[in-house]
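By letter and in written order, the chains are A, B, C and D; residue numbering begins at 1 in each of them.
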Amino acid sequence: MIVVMAKDSTADNLRQVEQRIAAHGLRTQVNRGVERIVVGVVGAIPPDLKDEMELQPGVAEVIRITKPYKLASIEFHPERSVVMVGDVMVGGPEPVVMAGPCSVEDEEQMVSTARAVKAAGAGILRGGAYKPRTSPYSFRGMGLDGLKLLKLAQQETGMPIITEVMTPGDVDTVAQYSDVLQIGARNMQNYNLLDAVGEIDKPVMVKRGLSASYEEWLLAAEYVMAGGNTKVMLCERGIRAFEHYTRFTMDVAAIPVIKRLSHLPIIADPSHSTGKWHLVTPVALAAIAAGAHGLLIEVHPNPDIAKCDGPQSLTFENFSKLMDQVRAVSAALAQ
Amino acid sequence: MIVVMAKDSTADNLRQVEQRIAAHGLRTQVNRGVERIVVGVVGAIPPDLKDEMELQPGVAEVIRITKPYKLASIEFHPERSVVMVGDVMVGGPEPVVMAGPCSVEDEEQMVSTARAVKAAGAGILRGGAYKPRTSPYSFRGMGLDGLKLLKLAQQETGMPIITEVMTPGDVDTVAQYSDVLQIGARNMQNYNLLDAVGEIDKPVMVKRGLSASYEEWLLAAEYVMAGGNTKVMLCERGIRAFEHYTRFTMDVAAIPVIKRLSHLPIIADPSHSTGKWHLVTPVALAAIAAGAHGLLIEVHPNPDIAKCDGPQSLTFENFSKLMDQVRAVSAALAQ
Amino acid sequence: MIVVMAKDSTADNLRQVEQRIAAHGLRTQVNRGVERIVVGVVGAIPPDLKDEMELQPGVAEVIRITKPYKLASIEFHPERSVVMVGDVMVGGPEPVVMAGPCSVEDEEQMVSTARAVKAAGAGILRGGAYKPRTSPYSFRGMGLDGLKLLKLAQQETGMPIITEVMTPGDVDTVAQYSDVLQIGARNMQNYNLLDAVGEIDKPVMVKRGLSASYEEWLLAAEYVMAGGNTKVMLCERGIRAFEHYTRFTMDVAAIPVIKRLSHLPIIADPSHSTGKWHLVTPVALAAIAAGAHGLLIEVHPNPDIAKCDGPQSLTFENFSKLMDQVRAVSAALAQ
Amino acid sequence: MIVVMAKDSTADNLRQVEQRIAAHGLRTQVNRGVERIVVGVVGAIPPDLKDEMELQPGVAEVIRITKPYKLASIEFHPERSVVMVGDVMVGGPEPVVMAGPCSVEDEEQMVSTARAVKAAGAGILRGGAYKPRTSPYSFRGMGLDGLKLLKLAQQETGMPIITEVMTPGDVDTVAQYSDVLQIGARNMQNYNLLDAVGEIDKPVMVKRGLSASYEEWLLAAEYVMAGGNTKVMLCERGIRAFEHYTRFTMDVAAIPVIKRLSHLPIIADPSHSTGKWHLVTPVALAAIAAGAHGLLIEVHPNPDIAKCDGPQSLTFENFSKLMDQVRAVSAALAQ
């Protein structure tokens, strides 16, 4: 349920609304939009709360949200959300490209990649320190040492960092070294992890689960937001279908669908969805043309020896060409 | 297997190669490219045919094609194929938009739609006279009367016509009234129908089956080509996945994949894949950005009363806006 | 809509009901159950027909069927249907096993297999004369010569025959040589073919499409029944999912689901769904335990050289063991 | 890689083999079968280790395991594994039924259900204290209080307990109150959790992820085993497919497939896969007929008010009938 405050309502009116809701044991989240203030009511709503709220002074309207997700819904927050990552606006008019290697490997690799992707126009540096790997015998990331190399690359280039966190016990450490915490596809329904990143004050990117419906995905975002952290962005990274020529099937329609259902920024990951470097650029351009707020792209100084599954990383040169085309398509659509 | 003729080979050399192949009970298809002449050998290849062919005068090279599809493969025909539909080039530098109503309903509807989509820049007029319908009790199309209305709309506007054929017995009639015969997704593995359109001299568009792999889809094209009709184009129209907010899941990566595996033009159908009018434009732009050679778009004077499943048709106005954006994205990529 | 006649209604009452319905341009199908006579009304029902029918003499009740399939629904025909194939009851208390080779190859193969499967307890002989093949270059069946060999095997053993028909033009010929016409998975939405087998007076088995929903599958059966042929049985043969260790994914829950939604007999095909001979027996037993009315099993004198995809046929010996276990499970459940 | 010791090899030979492997920084797991002792080598194998091991005294054979999972593979452990849960053998000749409510709700509910399912023949009591819920606003389980009620029910009935653990931080507590720790489908690739249960000395049941391939599922088991805990069982609980009449699609063929690829016991969950109480019994019987070592069944004193998604629990009476049929099918197959 959301309570829409009247334009001429006072701070006192708002406080009173919040107190009445709290008296029912429910939590609130306030969204101060340009046009209006909206109070989201979180929890199991008693049947007559709507009537009670409508009678409160300063209340313009009370709306039941029929979707199971509330704070993530477009009804609660009709303006598109922008998540600030340092100086970078995610969800604004320009698409933001997050680029870097699959895994952090060493200083030379990280710093050279950071410089190259920054020069080509990437806004955020990616790199995995904790790697979810299908096999227990694969390289599982450098851990804390990897985080330190990410920090170093940040210091060298000024780029904010996005990196994955896999378990609640690592949330504080990862938050200390990075600017956006990524929840991987395989952890999209790791609810304790979602709870944990809901308690911090850093942006979180929730990747879509391998077979997650739009509703389940938005509910994963809702977990984070219900915990108090509203700086959430989503990432379409391909779903599992029957065709295995590509690693996953990029669901490009998810981009306009999410923008219709939710106010949260939506990013696309063509590297993991296709799993083949030669498909990354066309699928990236498709995502931008469909309205994505950004891209997540794997770039490596030498893709053939990248510590990752399959030759899916772009070279610096190909990444630079990709960026040119992203700008061209983005400009064409802005006209 | 393909036999690549030497640059300085003679017409006699080619004739002799064809005769030797025919002597084994096999058929040939000759592809005269700009650079070279290639003879495709169709059928069950005897083990020593390769050796025999390599010794023929005028033969530069003999290559086994390891893919199960041969004539549809990029190996057989390294230049991209262009299919001419009247004056319209499908597979050329400009994307071709095929637009019109789901079903032919009456003269006024067809002629007004034809004029509107032509004015907006569509190259080919679509409309269904024979409709595959999930229920036997649904409207199954106007049949021959519908074909006649399509012909009329063609005479009024000069636009070539694409329409679906559902069964071998209708192939001749449909070919008489139209310029491209469409094989619907549900008939992609109706092999007798594929055989039948393989025997005519008109372009054929093979839509991807609801759960067809890339290989099965290219083999459906191969059926048509093996019958002697090489004017084949493919159409990605969404696959069946677990998410049903959209009717189907547009597999946008299929576009660059098909262009890598095959020389045939690849079209995208955002109307049937999404099933929602408000998703058609972003998904259409995604397909163009991914490199599609064209689009298939449902347009109706009054989408709310269209004889089709769901409100997925665009109005004339929205179609016109779509065309502007298609041109902008296409121009941006051509730079 | 169905019109349920009163227990004491007369033949005249029924005739009058049928005439009134016909006057609306609608068709009827009468189901004479043990308990009651039910008239199914087929076509687009006018809004006030229900009221009109309720006032007719001899009418007990008029029920709108909310499902899109009517004649196939359990509401129209609350008793389970039994389809007689010669003397063999499909849909009765005993499961019926249909066994034989994937493709008819020669007389020796067909006759020896027919004898072996009959001796083991199979009720119906299967064998493909017209084969839907993914590639145009694969063996596509012996055609009419294959039908003749099936007939010969029938004469030798007395077993009724099931075989596939792929196109409307072959329906009469196939009907002449066989006892059950099989509609293959790839043709489940070949509506002209469904129409064609709806016009004959022979049992038809409709296999589930590779990605068909339960509703689409029952609507395919409805096509046949709407044409006047009510001798329809269904066959679950596996759906396409993401795991390709098995050829398809046997949806064993489809068996009790179909029995809840429809009165038609339901058969299971473990050979095509698993694609591996060593999985056939456990999956066959699973289908029987789930309540299937029968099985479709590939058996070959020498599976390694069978003209079919992959080594999925059982040997005579393994088929005989399968039959013993089928009988044991079936008897255990009957207690 | 596995090192098979000769029949007449000595304890010294074995110790030496282990030391040589350890000298390469690799870990070992020893499987003492009836016929032979096998040493599994875990980690990244150097190229010449095979040669080195073959020359060790007492070594009969060295086999590279080509599958990515090693300890879970049938090659490493050719006899079927039995996991003892208290006195209950999971993986032995008799199927083991684990039954109880979805969520622990109160003492009366737990104790009455425990008594009822024990009386009907269940071997292990299930009940959820920590519940993975799609929405943050749903009941997420009683937590520690729920564990205490499970313990109480165990004391009343003597039944061992299976319950889910969702996060590494809860593993020790859950292990203290239960006999089998369940890893839910949504956590199948929560690698930190798999690591954590790999370090304890209690049986673990790994449910298949919603869209996990057989290989990914066995690799999840391998994570637990690579940590040192070999008491692992698997549970097929349905995969996500396109049909949503059932909650998930029970992949019954997974049962014989897993038995062919692995030595671990395989359980089936018809309650969560079907999501409809009336499908539970036929699908349960199908699983048993396909060779499952056990079942996981939701039972509730009053299914209509169960704190769970959908009316999928069986009543005591229906559970008792299910058990009778399970015994009948199991006995029929044992003959």
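Keep this in mind: contacts are C-beta pairs under 8 Å (C-beta built on N, C-alpha and C of every residue); 3 or more make two chains touch, one makes a residue touch a chain.
This is a predicted model, so every value here is computed, not measured.
Among the remaining chains, those touching chain A and also chain D are B, C.
Relative to chain A, the most remote chain by averaged C-alpha coordinates is C. Here the spacing of chain A and chain B, counted between their Cα centres, is 38 Å.
Averaged Cα coordinates give chain B a centre that lies 49 Å from the centre of chain D. We define each chain's centre as the mean of its Cα atoms; on that basis chain B and chain C are separated by 34 Å. Taken residue by residue, chain B touches two or more other chains at 211, 240-242, whereas all remaining positions touch fewer. For chain A in complex with chain C, the residues that touch the partner chain are 240-242, 244. Those residues of chain B that touch chain C in the complex are listed here as 42-44, 68-70, 132-137, 140, 166-169, 186-187, 189-194, 209-211, 215-216, 219, 222-223, 226-227, 240.
Residues 211, 213-214, 239, 241-243, 245-246, 249-253, 255-257, 260, 273-274, 278-279, 282-283, 285-291, 325, 328-329, 331-333, 335 of chain D are the ones touching chain C in the complex.
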